[in-house]
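Each chain gets a letter, A, B, C and D, in the order it is written, and its residues are counted from 1.
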Amino acid sequence: MDKKEVIARRIARILKDGDVVNLGIGLPTMVANYIPEGVEVKLQSENGFVGLGPAPAPDAIDPDIVNAGGSPVTVLPGGAFFDSATSFALIRGGHVDVTVLGALEVDGHGNLANWMIPGKLIPGMGGAMDLVTGAKKVIVATEHTTKDGASKILKQCRLPLTGAGVVDLIVTEMAVMEVTPDGLVLREVAPGVTVEQVKAATEADLIIPPDVKVMEV
Amino acid sequence: MDKKEVIARRIARILKDGDVVNLGIGLPTMVANYIPEGVEVKLQSENGFVGLGPAPAPDAIDPDIVNAGGSPVTVLPGGAFFDSATSFALIRGGHVDVTVLGALEVDGHGNLANWMIPGKLIPGMGGAMDLVTGAKKVIVATEHTTKDGASKILKQCRLPLTGAGVVDLIVTEMAVMEVTPDGLVLREVAPGVTVEQVKAATEADLIIPPDVKVMEV
Amino acid sequence: MAKITTLEEAVCNIKDGMTIMVGGFLGVGSPLGLIDALVKKGTKDLTLICNDTAFPDRAVGKMVVNKQFKKIIVTHIGTNPETGRQMKAGELEVELVPQGTLAERIRAGGAGLGGFLTPTGLGTLAENGKKKIEVNGKTYLLELPIRADVALLRAAIADKKGNLTYRRAARNFNPLMAMAADLVIVEADKIVEIGDLDPDQVMTPGVVVDLIVPRAM
Amino acid sequence: MAKITTLEEAVCNIKDGMTIMVGGFLGVGSPLGLIDALVKKGTKDLTLICNDTAFPDRAVGKMVVNKQFKKIIVTHIGTNPETGRQMKAGELEVELVPQGTLAERIRAGGAGLGGFLTPTGLGTLAENGKKKIEVNGKTYLLELPIRADVALLRAAIADKKGNLTYRRAARNFNPLMAMAADLVIVEADKIVEIGDLDPDQVMTPGVVVDLIVPRAM
């Protein structure tokens, strides 16, 4: 199974029936494909609606219905559109239960960096700073290491932050880690991955409780 | 002609075609009856709409369409309803051209008191504080004196203020007075009323320019 | 998913001492059935957030007469003499707030804002106890957000996901309060199936609504 | 009364050096005909307030390519490489603002508020140059209102009084910007007679709209 699929599948199983969920562009969007049968989540799109549905057939594209990445999507029955101020009133006001975002870097203090690399890449923060501040639960979906094998789970983020102390859970293809007041706790390892392997691939200090589970994907 | 009618008629002739106007309860509401032919003003009602129309026939009352005093009104074609935050965004944001309010006291500095008499009557400010702050032009519609003959146009308001330095124009059955940086200027006197009579009935100091006009009503 | 229930069950969620927000403007747009159920239940020591206290025989005015409030936060009490009587007798604490400020404070409470700066009320008693902040040479009052344990709203149409529309001037504070309470209870004139409302015409997204009761009268 | 005019006449109101707000999210909900007319006219040294700079061949992205902006205030530039290039080359000043904060700043500009307190951006570069204010033990950033000389909007339907509706996710920033500019120009898919829109379904009241042009394409 593809790394991204492992991550998306694991996160999908965290979502609860009735949750209002905002999924970031890219990997986080894939989470929608794996939501278990019988669980209905309401997807919020920060460009102004709840009830985001799957991509339409090419001949059924409505140019006014796109997700926050600009890709054509659909609206499910019972959806609702609103303006950007209302959209972020929902987000900032704690009406979104879960947000799932990607990371350039994330650390054991719950800091997240995903909006710029000074001097190199400055896409902008879009709605990410509001999402990490306002959503009740912030889940980071990221591969454990960069293409060069460097850990993305750091002792301390080096890039400019998207949010300080905002992350609740980090899900990678190797592990599920929870940010706690005591530090970063390893909760699960992927099938076939050892605790030692996770520790070796993680720059942040990991607290290893006695009951580390095997990730179900 | 009734005092109130004189005041309402004079104010109605100040309104310009296209003005967005909020009329307070009571005397100010009467202004709508005298708007000249060919002038179309858009009446805003702070409980949430523009396009306020006249009272309906008794058998055509819609219980959901009332003015800010709770009286049945109608909505004209091209009207629009909105929530209270939007209503006051319009008011505070300078989208209302003229507001007309009554007064308990008003003074030469443009101060207005119309929401409470300590220890006696405390109805509350409702939307008045926002209206006097946000509307581009604030016109006070009031009888010149109290029932006991005391001037309502004071040197300095004594009652708790609705707004400080907010009034542009005061229209009574005796006179039209403009609040200017130099003080209160007498602009017009009612037909049959002398400047001396106005001065005698006014506690505030009046600046009398050479060209005081006779009020057209 | 919003749950459809009865008036009696819905008001069981409201306990003595709670803070409630009630939609409506002089009773127009108030959930009259829910209010009657609360009068019958006799829940007491409540704090009320509402535009006004309506009339002694109408809407929240009945609850004032029934002495169910220890404190009210409103813009106007002039239409209900019993409110003024209780205030003077020291039986009821009354906080009067300018209407635009009340609307904005409720909006801020629902939108996760820490407060806002308004020019409304400067130089009046509405300043009391508030911080003044200067921005670009202009002075503003810092007003704080307000929330409630329970919001009691009236909608025209609710679908079974809780999406709401309001009718005419009955909208007023209802959409703002829908965002600003821990539990949101809606009395709807009409309840329709999911998909019956055009997503563009939804005025309150269902994700913030908890309970729906059919209109009582 | 809103005036119906042509694209060419409408954009004549936009002079070199002005600040413009443009509705849309990655071009969805942007007034494409007005933008093309501005590209053709070549108006320059403009400041742009918009969610993003779309794509090089779409919406305001075309104006970036055409070097018509000296400054842009947006949430995201990642989809338009030309924006990043001009920024790095020092040809274009870019102010990146969190999306919820941008929406709220525009709303504050239209609502006459002096600013608002938000938790978004705390502990990030978004703090820079901003006052921090503590309320009830929580720290917030003071964000200031923003307005423009001209707003360029796209609506689905406009009636001849300027009342607007928007469609699906094309709503986004449009209703906020309609309140926050000295001149409001709307490109409407469809123009209807006064009275054709249900007053409950109007999303922007016509009193804030100045010019309407029929949709170009």
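The criterion applied here is as follows: contacts are C-beta pairs under 8 Å (C-beta built on N, C-alpha and C of every residue); 3 or more make two chains touch, one makes a residue touch a chain.
This structure is a prediction, so every number in the text was calculated from the model and none was measured.
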item: Chain A to chain B, fewest steps along touching chains; value: 2
item: Both-way neighbours, i.e. chains that touch chain C and touch chain B; value: D
item: Chain at maximum distance from chain D, centres defined as averaged CA atoms; value: B
item: Distance between chain centroids, defined by C-alpha means - chain A, chain C (Å); value: 35
item: Rounded Å distance between chain C and chain D, as computed from the means of their C-alpha atoms; value: 32
item: Distance from the mean Cα position of chain D to that of chain A, given in whole angstrom; value: 29
item: Multi-chain contact sites of chain C, meaning residues that touch two or more partners; value: 104, 107, 111-113, 118-119, 166-168, 171, 199-200
item: Chain A, residues touching no fewer than two other chains; value: 49, 75, 81-82, 85, 88, 91-92, 133-134
item: Which pairs of chains touch, using the document's own definition; value: A-C, A-D, B-C, B-D, C-D
item: Residues of chain C touching chain B in the complex; value: 25-29, 51-52, 74-79, 84, 87, 94, 96, 98-104, 106-107, 118-126, 166-176, 203
item: List of chain C residues in touch with chain D within their complex; value: 104, 108, 111-119, 133, 135-136, 138, 140, 142, 144, 165-168, 171, 199-201
item: Chain B residues touching chain C - in the complex, by the definition given at the top; value: 45-49, 62-66, 68-70, 75, 81-85, 87-88, 91-92, 111, 122-130, 133-134, 160-165
item: For the chain C and chain A complex, residues of the former touching the latter; value: 1, 107, 109-113, 159-161, 163, 179-180, 194-195, 197, 199-200, 202, 205-208
item: Residues of chain B defined as touching chain D within the complex; value: 18, 20, 40, 42, 44, 49-51, 75, 77-82, 85-86, 88-95, 133-134
